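A, B, C, D, E, F, G and H are the chain letters, set down in written order, and residue numbers restart from 1 in every chain.
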Amino acid sequence: MKLTVNGTAHELGGDGTIDALLDELGATKAHTALMVNGNVVPSEQWATTPLNENDEVEMLVFVGGG
Amino acid sequence: MNEVYTMNEDVLKIGDQKLGSRLFLGTGKFSSTQAMIDAVKASGTELVTVALRRFNRAQAEDDLYGPLSQLKNVRLMPNTSGAMNAKEAIRAALLGRELSKSPFVKLEIHPNPHHLLPDPIETYEAAIELVKQGFLVLPYIPADPVLAKRLEDVGCAAVMPLGAAIGTGKGLSTAEMIKIIVRDANIPVVVDAGLRAPSEAACAMEMGCDAVLVNSAIAAADNPSAMGAAFKAGVEAGRMAYQAGLMPTSEVAVASSPLTSFLATQTD
Amino acid sequence: MNEVYTMNEDVLKIGDQKLGSRLFLGTGKFSSTQAMIDAVKASGTELVTVALRRFNRAQAEDDLYGPLSQLKNVRLMPNTSGAMNAKEAIRAALLGRELSKSPFVKLEIHPNPHHLLPDPIETYEAAIELVKQGFLVLPYIPADPVLAKRLEDVGCAAVMPLGAAIGTGKGLSTAEMIKIIVRDANIPVVVDAGLRAPSEAACAMEMGCDAVLVNSAIAAADNPSAMGAAFKAGVEAGRMAYQAGLMPTSEVAVASSPLTSFLATQTD
Amino acid sequence: MNEVYTMNEDVLKIGDQKLGSRLFLGTGKFSSTQAMIDAVKASGTELVTVALRRFNRAQAEDDLYGPLSQLKNVRLMPNTSGAMNAKEAIRAALLGRELSKSPFVKLEIHPNPHHLLPDPIETYEAAIELVKQGFLVLPYIPADPVLAKRLEDVGCAAVMPLGAAIGTGKGLSTAEMIKIIVRDANIPVVVDAGLRAPSEAACAMEMGCDAVLVNSAIAAADNPSAMGAAFKAGVEAGRMAYQAGLMPTSEVAVASSPLTSFLATQTD
Amino acid sequence: MNEVYTMNEDVLKIGDQKLGSRLFLGTGKFSSTQAMIDAVKASGTELVTVALRRFNRAQAEDDLYGPLSQLKNVRLMPNTSGAMNAKEAIRAALLGRELSKSPFVKLEIHPNPHHLLPDPIETYEAAIELVKQGFLVLPYIPADPVLAKRLEDVGCAAVMPLGAAIGTGKGLSTAEMIKIIVRDANIPVVVDAGLRAPSEAACAMEMGCDAVLVNSAIAAADNPSAMGAAFKAGVEAGRMAYQAGLMPTSEVAVASSPLTSFLATQTD
Amino acid sequence: MKLTVNGTAHELGGDGTIDALLDELGATKAHTALMVNGNVVPSEQWATTPLNENDEVEMLVFVGGG
Amino acid sequence: MKLTVNGTAHELGGDGTIDALLDELGATKAHTALMVNGNVVPSEQWATTPLNENDEVEMLVFVGGG
Amino acid sequence: MKLTVNGTAHELGGDGTIDALLDELGATKAHTALMVNGNVVPSEQWATTPLNENDEVEMLVFVGGG
């Protein structure tokens, strides 16, 4: 299914869950925060939350900041 | 050592949280993660800010989650940098909490990249919501005494007025307003942004501020680790001086030595 | 601790003498000898100034010879206060050396009791003679770069420009001139008089001064001993910062966090 | 005279209104109505502020309507002093317009009598409504660049950031922030409150401010009329200097005389 | 105009000479002789400094004798620039008098071309001799109150303490010392060197200085003539303010409007 | 009728208009601004605007202000 | 013999040495510096240095000073 | 005769007076100040003052200075 991930088009395979997306992109789950269509999705729900066509996904990590 | 002993007893409370150091550190702008970690250690800070950025597999080394989680006795305060308005700031705060599991949030909303100065209207609106959602909200604000008081009234855990624009190193350019904020505040006042030198951090503490947040001054120093130690000493010096009670100033000179005239002899 | 370690290695040389602390203390104006002794200890100073006064059996308790001689690792620097001209200052220096057996002399000639500011002409003349007589001469001078250089040229061991009038607590009012003195000097530069707060001592050190001499700010504090410790930390903070290399100032803001705009969604 | 000529051509536009003087005067605190009138005349101002107070038959002499209406070429700008929030400020503005028939309103909302500093949230809300109702809104605000920009965006005719708290005479304590406001503004910037001396008014103009509003400094001078003339000259000096282009500062000395060495002869 | 009238009556006396303007101008650094002449006229000055240089037929246009002698009501004050010591300065003074037939001499001895700061020892020695030879001696000196007093005592007609190093435009960096000089002086005090803006000239006059000497700030302005007029207004503003009596500063706000609460209604 | 004028109780006679009130209190109309129950009343309407029992009236003049 | 000691007239007895004077006045020698007619006299010479009629003697101690 | 004028060697002809030197060099007398071997010579004496071999002459004019 077609998604926009961090502003870029992405074709998601697998079972279409958030977990699947993270695995595909090789993100470290414990270091990642995630938002779908502007709503934060807690990590406990990633395994069970299905993504839908055209979802906007933001995957975020901590970096240096003041 | 006398002053270290003093410091140990002088705990800073923000909401229900206790901190042993009155120096907060930003983690941006360091030449390397190791340089940042070394500076954090040398500074003795117990609270560091972090920002959120889109995951990028190619820049995995920028991910600070791992390195920071290994630091003992250091808590995280995610910031909301990048937020242009209240709605975006609230989103950033929620994301930051997901990752940090920390109650602290540095609320910063600065729409203009040229000066990065905070928006009082959006910040006020976001603060109200984030307090409702259980955060310990530390807003980065202009040195505006009425705004600071209103943010206290809506439940912020502290206020963080700026000394000067982020990264300019212009120090306590807003000192007169910060003094008024300190005089009226019932919550901690933290000077954030603009400090360049430990003497400025010491001065903020002498004015009665409860802590300072420093990033550029340490990250951009020739030797960040040594500068972290310097700021640690500066903050402690200023805090001790505030507690010790500074002498008043005087318009006329006051001798510190006797001015007896035994030196002139009748034969001169 | 990192900074203490640094300090230990960072020895100050005045003539052939070595000092482990860059904070010099005056012993005047304290509420009691004990308060002075406690402050000296808390400050970590290794060089204290003393004045001469006519012997008075009725005021034997003011005699500091005994109490000071019991302090370990603290050397005496008699001053020439009360001298109105070069001749009297030379006399005072010789008397001080008789008692202290110390090579140091704080040469101060300030004819006007209203502002106690130094006389450059008499000070220059006295310095030439005292150098001839083998003293390590540390003259208290106006923040005058040419005078400072001439005193270096005639053999003074250090120069001590004033920050502000004695006892006024007006701080580094002469900063611009002191910066020039520091830039040109080949001998230690010690800021003497005017300092009120540790932040000011730190600032002097950040400017590259080699030490500061403090009296009123500590003696007139509510808690002189704690203020002594505060100045110790302030001087160390400023010295470390000078060695660590302060960041440059900037006219425009420089972000310390990424300003990515992930927070706005297309649905906003 | 050169500068007077310049001044005549240098018109200040606020909304659709034109003013020949860049000095605005407050009418409070004068020892008498006559002293106020004399100072207004000496200052050359063309815009004065007035406040509203409950009618009191016993204090008819305080009613300034008559005296001010006799001044030629001077327009009134009623203020909203006493307003604790946006609703009250709007009411005050409407009342003031009823009496003054003037389009100008000085929007001031300062809930705290101890520092009289403006409330950014209420001021922003009131400004939006007063602009809708056709006023030329000149809000008295903290020196907050983002707030200033937002007030410009909602249609204010000018912004009036404070230099220091009303009546303190602490001058341009907020200079660094005012410079940023001036740099970004597309509407006139007027420094209001805190100015004590003509030199400070001149400095504000040199920074690029478009005008200054002065009250206490003139009303509380020993000779208000002469001080009014002094501020007139100071504002003109600063404005001319801004237009003439100030020299840059330099870290090193730059000789203004030739340094030829004809003075030393071989026989010296 | 009120202030012009005041100025006309406010004559400055230096020795037996009377001057109607308290702004002295240096003639160096101008882009052309005409630019200098225009600035002199716009400034209203009655006393200008000139330097000596070896005659060079190829640079005849630099010879200012002709152009300056055509200015009405402007007197010359030759300086001793280039002098490295008292002997050379005395020589320069005598040469200058030969040409100018003026009693005024600006005594300047600054051995170091890097900062051009005055030598107090040589200046003092030269002043004594030049007074003997009948000059009205105006020494350029560090902001040193004791030196200033000693120069008064040996008969100088005025003292000219520096605000900052020549050409740096750092303004009144020595303000605290200049205030003391003014308080104690019985001869005119003229701030010389360092001034960059009319606001600084006004500030010097507000402090009680009797005049200012400006060169770089006017010569290096984008529009020297307009800047000359700006300094004229600034000096007059500061002088008028000094005479009008500045309001005192206050730590707390003092309202300039009534704070009555008629605006809240019972129905709110 | 009973009014509150500038915070003080006042018994108004006459024809009960604003004009009547101003006359009673000796206010100079051209120098006065007026508010009834928090609403500004333009001077043109004073002659014709009746006041009502318990009205809150504020009468204001210009004084010195910064 | 008549002396002026610290500005005050003093009649000295004993053997007329500086030591005698210090004993008379009860000064602690190790804490005292001394000047006769403007000239410093080192402590080693006190026992042997005779004072003369009308000598001006200054006896000094260390006190607090900046 | 050989002179040093403003630091440069100069061969003076004419009657060897200061006036002669000024004429040779084309200096405007009224605008010039003059020093011989470190001593100022007033203009009144120029016509009559002879210069001597190896004299050091300084001829000076006013230029802009602060």
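Points worth noting:
As a convention for this text, a residue touches a chain if its C-beta (ideal position, glycine included) is under 8 Å from a C-beta of that chain, and two chains touch if they have at least 3 such contacts.
Keep in mind that this is a model prediction, so the values were computed, not measured.
Graph distance from chain A to chain D, where chains that touch are one step apart, equals 2. For chain pairs B-G and D-F, the one joined by more C-beta pairs in contact is D-F. For the pair chain A and chain C, the distance between C-alpha centroids works out to 61 Å.
Taking the mean of the C-alpha atoms as each chain's centre, chain D and chain E sit 30 Å apart.
With each centre defined as the average position of its C-alpha atoms, the distance from chain D to chain G rounds to 70 Å.
The distance from the centre of chain A to the centre of chain H, each centre being the mean of the chain's C-alpha atoms, comes to 92 Å.
Among the residues of chain D, those touching two or more other chains are numbered 26, 28-29, 51-54, 79, 81, 91, 114-115, 117, 165-166, 170, 215-216, 255-258, 262, 268. The multi-chain contact residues of chain A, meaning those touching 2 or more other chains, are 6-7, 38, 58, 60, 63-66.
Across the complex, chain B meets chain C through its residues 1-3, 6, 26, 28-29, 42, 51-54, 79, 81-84, 87-89, 91-92, 108, 113-117, 165-170, 196-200, 202-203, 206, 215-217, 219-227, 229-234, 236-238, 240-241, 243-264, 268.
Here chain H touches chain D in the complex through residues 6-7, 37-38, 56, 58, 60, 63-66, going by the rule given at the top. Of all residues in chain E, those touching chain H in their complex are 26-30, 36, 49-57, 62-66, 68, 76, 78-79, 81, 91, 94-96, 98-100, 166, 193, 213, 215-216. Residues 255-258, 262, 265-268 of chain E are the ones that touch chain F when the two sit in their complex.
Interface of chain D with chain B (complex): residues 110-112, 114-115, 117-121, 124, 142-147, 149-150, 164-165, 170, 173-177, 180, 184.
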